[in-house]
Structure formats: structure tokens, C-alpha cells
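Two complexes follow with subunit A in common, the first pairing it with subunit B and the second with subunit C.
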Partner chain A sequence: MNVSLKRIQAIFIKDYKEFSRNYAVSIMILFPIAFALLYRSEAGDQAAIYAFIMNFSLAMLTSFVQACLIAEEKERNTLRSLMMTPASMLDVLIGKSALVFLISAAVLAFTTYLFGYETSNVMLLAAALGISILLYTAIGTICGLYSKTLLEASLSVFPVLIIFTAGPFALAFEEQYPFLEVLRYLPSSQLSELLVAMEVGAAAGELARPLVIISVWAVVLTIISFILYKKRLMDQ
Partner chain B sequence: MNIREMNVNGQKIIPSLELSMEKGKVLGIQTNVQRKKILLAQFAERGDAYLSFAEQGEYTRLTVEELLRFMKSVSGHDKPVHSMLQLFQLGDYHKVKIADLPSSKKIYLSLLRVYYAQQPIIILEEPYFQLEEPDQLAFKRLLEELSEEKQILILTANLEDALISCDAIYRLDEAGLHLLDITDAEDEAENAHETGEAEFKIQKIPTKKNDKTILFNPPEIDYIESINSSAMVHVAGETYTCALTLAELEDKLQHYGFFRCHRSYIVNLQKVRELITWTKNSYSLRLTTGKDSVVPLSRTKLAELKELLNI
Partner chain C sequence: MNAISVQNIQKAFGGNMALKDVSFEIPKGEIFGFLGPSGSGKTTLLKILTAQLEATDGHAAVMEMPSRMMQKTAQKRRFGILTDNSGLYERLSIEENLDVFRRLYDLPKSSIDQVLHFVNLNADRKKRVSVLSKGMRQRVTLACAIIHEPELLFLDEPTSALDPVNTAHIHKGLRYLNERGTTIFLTTHDMTEAESLCERVAILHKGEIRAIGAPDELKKVHRDGTLTVELTSGEKERLSMNEDSATAIAGWMSRGQIDRMYTNELSLGDIFIKLTGSELV
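Up next is the complex of A and B:
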């Protein structure tokens, strides 16, 4: 499968224009910012609240936008036409993912700034968020592939939102229901753990573990999304 | 181009066919919706054909110019966008968002995707169906130009649409492809004038559809009906008007196994499947062509028919 930078760029620009003019989707960038403003003055458990905002934004923005971009293309039969041009499936996927990655990264950075979160290790935070964006982009791709229309796509993101964002909170009931232990391994719980550990100033080994788990999630989901993407497009 | 045999519920829908295509000639196939879908599915498996589907959508939030620029970079087409805008006669619309275009222009625009196709074969499904006349003409012109370097095939359920731009039209049914014999009305008139005096025994039935004269071989015809004293020729579900009267047609066709079964009907006896008796005095003939093609049979003609068929 050949990949061309020129075509990826064309798809990137096209999707950027579509995204910025589709207010139903682009309004999503306001949610993280609104949350940051809402919670910024709260004292105390800063890392946990910041982690919640990040987890929420990743599901609501990254996955949602990616799912909508793919589903809309399917809904209008433009993907089928695109497949008959020299543009490969990979061109389309990379172009869209790159756009979603950039938008998410910019919004998350701005949200962090507004929230006033400060950390001793910026590089580690950036790496954790970067990998998380990749991970949620892959989830968005999978949601988009399983929905036929824009409406279906926006609904399909809600299970993701509930499981991944609410997961860390369900851990409060862990003593009553021991099986909830598995939720600890969700990437969102791990991100939350990592941020808390960073605030406490934990040792390097303790910081590495959540990062590794998030990376494993990212790699596995990216591979699944690629395979599904290829398979589902062949079926059309 | 090969087309595989296709059976649905044990009934042969399409026999295996060989279709020869060439550059500079736009081919048309007129058939029903079911066969059209089967053909499209078969063509979709080919790597060397670009398919333009009737339900093609568009990136409605882009402007016309942005879309053309996108198509250009994605397909690797070399002509600059502004000259394409001129070629497509979309100069006035270049800053308009696709969502705001009139619906005919929107469809015209998504048809233009074929212009950016790299494949040597281009297959269009119902290109003219929803276009307004100026857009039909503009697209017809573009297709003619495009056919210089590509092989173009139009699939349609409607013969009138195929007549717009096809150089050769085939009718596809369970028996295979039948080339329709078509000449322009003006050519026909000239020919008639030149050879006016010569005595010809014409064996074809001339019919008209949209200014075109279509000649049918008598065996192709299912039945002829007289509506408001003009003859309507029924061929495979489509109707065509014929300038001749029923009496003239009867005279012409009786050697081909046609039978005047009713004051206003002539039927091709080769295509009669069933003689239906409704009541003692009311009869109908069911044809092999389809469930709903039933021709009335008058009581007075029944005896004559029975004699003809030896029953």
C-alpha cells in the first residue's frame, strides 16, 4: 500500500475545513475548555480533577471527532469514491488521524494552561497525553467503522465515554465488589494514577508502570482499528 | 468486458456475456434495476473501472473550488483548478458551498468525479436521471470529450436517459444483449427523401421516442396497443409510439406470427404463455415477458385464435 504525503495533506486540509464548518462536531472543543474554567479554582485534589478533565476530553473530543469524520464519509458514499482514486486506505486514515491528533493536542494543551495545572515533569505528562490521544483516536476509528451515519457515530461514542471516563470513579466501590479491580487497568485509571503519582513525587519505576500500560492499550487498539478498517472497507 | 452468468432463485437473470468497448464511443445498457445492481456489483470487482453510483454524496461543507482542489491533489490530476472550473462551466459557483448549490448542480458536480478517475474504464449509473436540461447537455459534452481517452459505459433503467449521450445502446434481458437500432430523426428524413421512389419491403417497425427513431425487429415486440388512436409498441416493459395505424401494423406483422386479438390490440403469439378464461365470455392472454403483461382477447377472435393454434 503506497502512502503519499501530498494526498495525506489534501485529506487533512479537506477534513479540517469540514470539521471547522460542522458546528455540531467542532463545538466539542469547547467542552474541555469549559470544564477547565469550571474546576480551576477548586482547591485540594488537583491531580485527580485534572485527570478527570483529561479523560473526559479525550473521549468526548478525540474519539468523537474521529468517529464522526469516518462515519460521515461513509454516510455520503464519498469513501467508496475515494477508494477508487489513487488515495489508499492508509492515506485516508493517516490524514484524518493526524488532524484529530493536532486538534486534540492543541485543545488539551490550552485546557492544561487554563486549568493552571503545574507539574515537575512536563515531558512525562506530554508523553502520557500523546499516547492517550493515539489510543482514543483508535477507539474513535473503531466506533466510526461500526456506524453507518453521523448520528450513529455520535451515539456510539457514549459507551466509550461512560466506561473510560467513569471507570476511575467506580474504583471507589472496589471493596464491595472486588471484580471492579479490572477497572484499574483502564487507560483512564492509569492516567489518573500516573498524575497522582507524579504529584506525590513517586520513584521513576512507579511512574513507568502506568505509562507502559497505556502504551500497550494504544498499540493493541491501533492494530485492531487498522485491521477492522481494512476489513470493513473491503466488505462495502 | 466479460459479464458472468447470474441466477436468482433458480431463474436466469443475466446470461454470461461479452461486451466489447472501445474509445470514442459511449455505450449504454438499458435494463431493469435488479440487473443494473448485479452488473454494478460485478464491475466493482474490477480494478480497472471507475464506478459512478447514483447515490454518490458530496463533501457538502466545502466550496466548489475547494472540492476540485481536493480531487486534483488526491487523484494526481495535472490541470489547474481554474481551468477545470471553466471547463465544467462552474465559474460562477466557485465560492459557493456545495450544500447551497441547486440540487441539479450538486449531482452534476458529483458526476464530475469521473473526470478525475485514473482508470481506463468509466461506468456511470443513471447519470442523467436527476439533472436539469442545461446540466444534462453540459455533462453530455464532457462525456464526449472524455470518451476520446476512456471507455465509457452508462447503465440506466430508462431508455430516454441513454438516448441523451450514448452512441450505441443495448437492451439487456435474460436472453442477453440486444443492440437497439437507432438513427437520428433528421438523418432518417433525409434518407427517406433520397430513396423515396425505390420499393423496399421494410421488415422493421419504426417507432419514436424523444425525437429518435428506433427500429424494432418484429420478434422483439411483445404487443401493440392502441391508445387514443395512436399505436403504442410494447418492448420489454418500455413503450414506444408508432406512427402506423393498427390496421397497417396488422397487415405488416401477420407474417411474423402476430395476431389481432382485440379491436385495439395486436399480440405477438410467440410470446403468449397462457390463455386465461375469466368468465364464459371474457378472455385474456398472459405473455411470457412479465406478470402484469396481460392482453385482452375478444370473444369474436377466440375461435380464430384456436384455429391458428390448433386447439
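Up next is the complex of A and C:
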């Protein structure tokens, strides 16, 4: 597969300029920060509250912004123009995901600092959030590629936001409704489990399981986004 | 050597045949026009040639490679494309839009100045695309398509939104590109554009090629075999090309009564209507 750093950089710079001038989308970086400030003095299970803020931010910032960036390119036919240049599928997908990845990473790090969340295993937390950003970026790419317009894309992210953010909370009703157990395998539930396990100092095996499940989600969704992109390259 | 070779291409959308057994060849360095009304199959063919659409049957080669290879990076460097739905980045300036393409094609910064001069937009380079007129947008889109001086240029209605002055400027530029070796595949329903730019044209109607050749050749083939003589008295005589007419003309000529005389050739538009029974819109 043909990958060029120069072409990835070209797409990254272009996306940065567009993002910084599109206030309707760039305002999304304020949501995680606002949540951190809102919940920082909240008493209770810090790991659970922090997990909620992270899950909400990943859907609302990472997936939403990525879906909007892709859908806008589709709506204005610039994605097809981009596909006609020497940029390969990987150039376009990496270039378009790089900005959202870096913005998400910076905002989530700042949010973590503002919230005051502390952990004994920073590397594991960084790995879990890094993989989660990848997977939510892939979700955003899929939503953007499926949507015909920017409006459609912004609406298509809401089911993701609701299911992924509310999923871990719905597990409280698991005993009454056993079918809810399936929600345990959501990446958001796994991130919550991982944070709780880190807080109680769980064994390496217990920490690895959620990380592996989140990674599987990331790989599968990334592959789906690649396949969908290839399909969008051709008219039917 | 052919830039494009199309053999028996067919394309069906469900039960509808958009292209029926289309065959033609375009030698390198030619400006070739595809004429036809909206829905005749012009854009479908262009999409097949640029690997955006798969043909149902037949074979198409572009620059001696199967057209499906046109999505390969090395091939994509060799052609440029402007279609009616080529997009621009609205929040970026003209210069920033071109800079995206310059970087993607790995070109020097000077390529932006050159192409801006080509499309006559140097003075407006800092303007955001969102504030541009339709004609200016079209010129920016064209600039994006030719910034890398492609070997082959696909143009789908390139001057449809332009005024005569800008159209003339673009035509001059396209001839210049062609002189430098760029083969141009142009789809249009503008007969004047086809006549002034194209060495050969094909008339496409309902997915079928009805005629192909140089505009002058087509006019010769489809002329009605009469000539008109305008006399100094103001009378106009329409004559068949036969011995009787020759005698009549000789008589008028000897008496100095002929003001002007011409063969009655059909325009490309007339030829299109004659062949297809429909207007070019």
C-alpha cells in the first residue's frame, strides 16, 4: 500500500485550516472541558465519573468531529476530488484521522488534568485512551461515509453517543434484564471496567482483558471504515 | 499511440442501458470532444475511463493501461479531471485550495503562480472560495485539475458557467496545454466550443455514438448538396450541384451579377439534430 507522509501532511494541514475556521464543529472541544469542570468537585466513585466523561468526550468530540469532517467533504464533493489525486486510501484516511486524533488526545489529556484524575498506571491509561480514540475515529469515519450530508452525519452520531455513553450505566439493571449483559462488551463499558480495575489494583490479567476487547473493536471498525471508503471510491 | 482506446463498452443501470457498444480511439495529443445532451451517457463514460465506475461489458484503456488501473497512484499523476461536481474547500482561499493539490502532487510553490496566471486569477488568490462567483469557482476547479500539467485531461463541461471573456481565456489556455502535449477529452453540449477547440468530435445520443470525425468532415458528410448564390439584385438562388446549375452560374458570372456564393453546410448543432432528432440542451 502506497503511503506518503507529504500527502498525509497536505491533508492534515488542509483539515486543520478548515477545522479552525468551522466554529460549529470546533466548538466541540469545549464539551469535555466543561464536563471536567462541572464534575471535578463531585463526590463519589471518581473512576466511574471519569469514565463517563471520557466516554462522552470520545463520542461527542472524536466521533462527531470526524463524522462532520468526512461528511462535509462528501457533501461538497471534495472527497471525490481528493480520491482523484495521487493520495492513496491510507493517505486520505490517516490524513483525515490525524487531526481528530491529535485534537482528541490533547483535549482528553487537558480534561484529565482539569478533572484531577490520578492513576498509578499512566501508561495503561494512555494506551486505553489512545486505542479508544482510534476506534471512535473509525466510528466517525463510518458515520461520515454513510451520510450524504453534514446534517445527516451529525444526527447519525447520536445513537453512538447514547448507546456508548449510557451503556455502562444500563449494566446496573443487568440482574433484572439479563440480555443487557451484551452491553458489557461495549468499548465504553470496557473502559469503565479498566479504570475501576486500575483503581483497585487488579492483576495484570484483569487489566489486559478490557484493553484487548477495546483493541478488537478498534481493529474491526477500522477495517470496516477502510472497506466503506473503497466502496465510496466507486459509483454504483 | 493512443491516449484512450474504448472497445465495445456497455453500461447498464438496472434495466437501462446508459452506454451501448461504444468504441473509439483518441491518439495522444488530440483534443477530442464528446457531444451530447444531458443524460446521453457522457459523464458515465468519463467515470468509466477514470475508474469511478465499472463498465458492464467491453474494454477501455487509458494511456495503455486498463481504465480500472486509473485509481493507482502512479496513474493518477498522469491525468487531471474537472467534472460538474468537482468540489472546492469553501473556507480556504484560492491559493490555499491550490496549495492542497500542489502538496498532494508534490510540486514546487511556483506551480501555484503558473496555474493562477493560466486561469487569470492571480489578483484574487487571497479570496476565500465561499465568496467567489460561479465562473471564478469553475476556474479554480480547472486550476486544481491542471496544476500538475497532466498528460491527459478530462473536462466535463469546463466552460458551462463562464462568460465569453473567461471562456476565451480558458480556451486559449487549453490550446496552450495541448501544444505542450496534453491530450484533452472534453464533454460539452456547446457546439461553438466543440468547433473551436476539438480536432475530432463524437456525437453521443442515448448511449450510442451516432457520428465521429473532425467537425469539417462531419459537415462535409452531412451537407445537403446545395449551394446558395446571392445576386447583386438582392435575389438568393438555392441550387443543386449539377450541370444546369453550373450553366446558370456561368451566365450570372459572365454578367457580373454574383455578389457571393457558398455551399449550404449544416452546423454541428444541425447535424446533431439531424442524427438524433433532439435538441442539444
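Everything below uses one rule, namely that the second predicted complex is superposed on the first by the 234 of 236 C-alpha atoms of A that agree within 3 Å, B and C clash if a C-alpha of one lies under 4 Å from a C-alpha of the other, contacts with A are read in each partner's own complex, and residues count from 1 in each chain.
Just so we're on the same page, a residue touches a chain if its C-beta (ideal position, glycine included) is under 8 Å from a C-beta of that chain, and two chains touch if they have at least 3 such contacts.
Remember, predicted model here, so these are calculated numbers, not experimental data.
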(message) After the overlay on subunit A, what do you see for subunit B versus subunit C, clash or fit?
(response) clash
(message) So in the superposed three-chain picture, is A:85 touching just subunit B, just subunit C, both, or none of them (first/second/both/neither)?
(response) both
(message) Taking the superposition on A as described, I'd like to know which of subunit B and subunit C A:233 touches: first, second, both or neither.
(response) second
(request) Please name the chain, subunit B or subunit C, that touches the greater number of residues in subunit A. (result) C
(request) Look at A:21 in the shared chain and tell me whether it touches subunit B only, subunit C only, both, or neither; answer first, second, both or neither. (result) both
(request) Could you say whether A:77 touches subunit B, subunit C, both of them, or neither, answering first, second, both or neither? (result) both
(request) Could you look at A:7 and tell me whether it touches subunit B, subunit C, both or neither (first, second, both, neither)? (result) both
(request) Return the residues of subunit A at which the contacts from subunit B and from subunit C coincide. (result) 6-7, 9-11, 13-14, 17-18, 21-22, 76-78, 80-82, 84-87
(message) List the residues on subunit A that touch subunit C in their complex, please.
(response) 2, 4, 6-7, 9-11, 13-14, 17-18, 21-22, 73, 76-88, 233-235
(request) Mind listing the subunit B positions that touch subunit A in their complex? (result) 50-53, 55-62, 66, 69-71, 73-76, 97, 113, 116-119
(message) With touch defined as at the start, can you tell me which subunit C residues reach subunit A in the complex?
(response) 47, 50-54, 71, 73-74, 76-77, 81, 85-92, 96, 100-101, 103-106, 144
(request) Over in the complex, which subunit A residues touch subunit B? Could you list them? (result) 6-7, 9-11, 13-14, 17-18, 21-22, 75-78, 80-82, 84-87
